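One structure below.
So that you can tell them apart, the chains are marked A, B, C and D in the order they are listed, and the count of residues begins at 1 in each.
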Amino acid sequence: MSDLTPAQVDEFVAATFPAAYAEMMRCEEIGDGFAVARWTYDPTQLRPGEYISGPRLFGLADLAFWFATFTVNGLEAMAVTSEMSIRFLRPAQHGDLLARAELESITRRRIVGSVRLWIDGSPDRLVAVAQGTYARP
Amino acid sequence: MSDLTPAQVDEFVAATFPAAYAEMMRCEEIGDGFAVARWTYDPTQLRPGEYISGPRLFGLADLAFWFATFTVNGLEAMAVTSEMSIRFLRPAQHGDLLARAELESITRRRIVGSVRLWIDGSPDRLVAVAQGTYARP
Amino acid sequence: MSDLTPAQVDEFVAATFPAAYAEMMRCEEIGDGFAVARWTYDPTQLRPGEYISGPRLFGLADLAFWFATFTVNGLEAMAVTSEMSIRFLRPAQHGDLLARAELESITRRRIVGSVRLWIDGSPDRLVAVAQGTYARP
Amino acid sequence: MSDLTPAQVDEFVAATFPAAYAEMMRCEEIGDGFAVARWTYDPTQLRPGEYISGPRLFGLADLAFWFATFTVNGLEAMAVTSEMSIRFLRPAQHGDLLARAELESITRRRIVGSVRLWIDGSPDRLVAVAQGTYARP
């Protein structure tokens, strides 16, 4: 599975989940047990304060996690999130959003992982962290 | 604050957070310590399996919670989510999505509440539950 | 299952989980889809600041939730927590601790519920709230 | 702060939180932005199934996280947990329990981190993972 490329992931998303593709979320990087997703900044999509919204952060975290499960399950549309918790750490502003998901545990039924999010160019200033569970199909 | 109407809330959202308004999320009901939000079903926005996506559920939960904080803070754009955890219970399909947020604790700095989500017509079959914290501005 | 009494629950705990029983945690009330657990105040068990510790709050929340699952599963020792999130709202001090768990969703594999915790005599000043998932055996 | 030793941490715990010390939880390792805590296996403390209990796992995770905050705050008794979510991955059995906490974000008011837990000798088979927030005193 480690041979998946970001282009293959994007093509799969465009085919199976066109709404996410249309929202300018893409796979940036994928490898053994991890994936990085990018949301291209769009000033028409901001919440009050010109912040990137919490649901946008959650959505990119969830997508990066889904991509990371592909390294275990293959390109599998029907893996679904069981639960996720997210902490918002500082305003997310003025740039593309990146989310890196890393798998922490893989059992027969469940995959557990963590996600870190930051604005492009400021990887040391995380804007959110999340942890959650995917059910295996 | 208990005199706020759903129409006033929608007008405030349209003015301060037009992207949420454009995504067809509205205030359905608001009263002392609670609020209900509705997302009008849009078949172009589904994830694989024709399910309403997890981020959509999170987004409506977060919005309902924000509305509920208005009953404490007034119409305040800058209340922000500190953290939220969400459990996805069953596929969300084939209808409008409703989210009811109830406040459980109000202290000087924080508001904690819970949210239940269901498909219109099936209030006994919750599709997700969430719990989280808003920071007061 | 709604005929279970607190005394039956305590007897079951004493037999199957003696360490919890020895820590002075008891069933206070049990009924359809809910249970209340009590921890008798013990000043030798406090964390710095003379607060009841976070793990003690988590432990009583988890126990109350377990009791509430008995109303669905019967007296079943092997139901296990899958995940739980907890928010600490204010210092827990100077009295017995109470935790009330309510079930929110029961599906074939999982039971999801919420828990509220307070100091005896101050039910309106919650010291913590939690939400989580039990796996059905 | 990185000069703290496990012995100094244990001495501090024994002085300020004797109940935790009495429960055989110790600092195993501490360094820049991380700490490891150990619970010495005690067969009288198990839950049904001879598993180490969920609250014990939560308690050790919380303690390891507290130790890790010492690398930022110094030996500070009054840092308190704001919220924590924990996922239980597999039965925790038959050995000492270890918890490694790593700080992910340090801001003026809050410290966010993650914790991994395993049975001594099986670091690749995590028994639980957690993520949470400490409020800075």
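Operating definition for what follows: contacts are C-beta pairs under 8 Å (C-beta built on N, C-alpha and C of every residue); 3 or more make two chains touch, one makes a residue touch a chain.
A quick note: this is a predicted structure, and the numbers were derived from the prediction, not measured.
*Asks:* Through what angle, between 0 and 180°, must subunit A be rotated so its C-alpha atoms fit those of subunit D, rounded to a multiple of 5?
*Replies:* It is a rotation of 180 degrees, to the nearest 5.
*Asks:* Taking all residue numbers at the subunit A/subunit B interface, are over half used by both copies (same) or under half (different)?
*Replies:* Shared-number fraction above one half, so same.
*Asks:* Can you check which chain pair, B-C or A-C, has more C-beta pairs in contact?
*Replies:* B-C
*Asks:* What is the distance in Å between the mean C-alpha positions of subunit B and subunit C?
*Replies:* Here subunit B and subunit C have centroids separated by 28 Å.
*Asks:* CA centre of subunit A versus CA centre of subunit B: separation in Å?
*Replies:* 22
*Asks:* Could you give the separation in Å between the centres of subunit A and subunit C, each centre being the mean of its C-alpha atoms?
*Replies:* The computed centroid separation for subunit A versus subunit C comes out at 34 Å.
*Asks:* Which residues of subunit C are in contact with two or more other chains?
*Replies:* Subunit C, residues with two or more chain partners: 82-83, 85, 87, 133.
*Asks:* Would you mind writing out the residues of subunit B in touch with subunit C in their complex?
*Replies:* Within the complex, subunit B contacts subunit C at residues 85, 87, 89-90, 104-105, 107, 110, 112, 114, 116, 126, 129-131, 133.
*Asks:* What does subunit A use to touch subunit B in their complex?
*Replies:* Within the complex, subunit A touches subunit B at residues 16-20, 44-49, 51, 53-55, 58-59, 62-63, 77-78, 80-88.
*Asks:* Quick one: in the complex, what on subunit A touches subunit C?
*Replies:* That would be residues 82-83, 85, 133 of subunit A.
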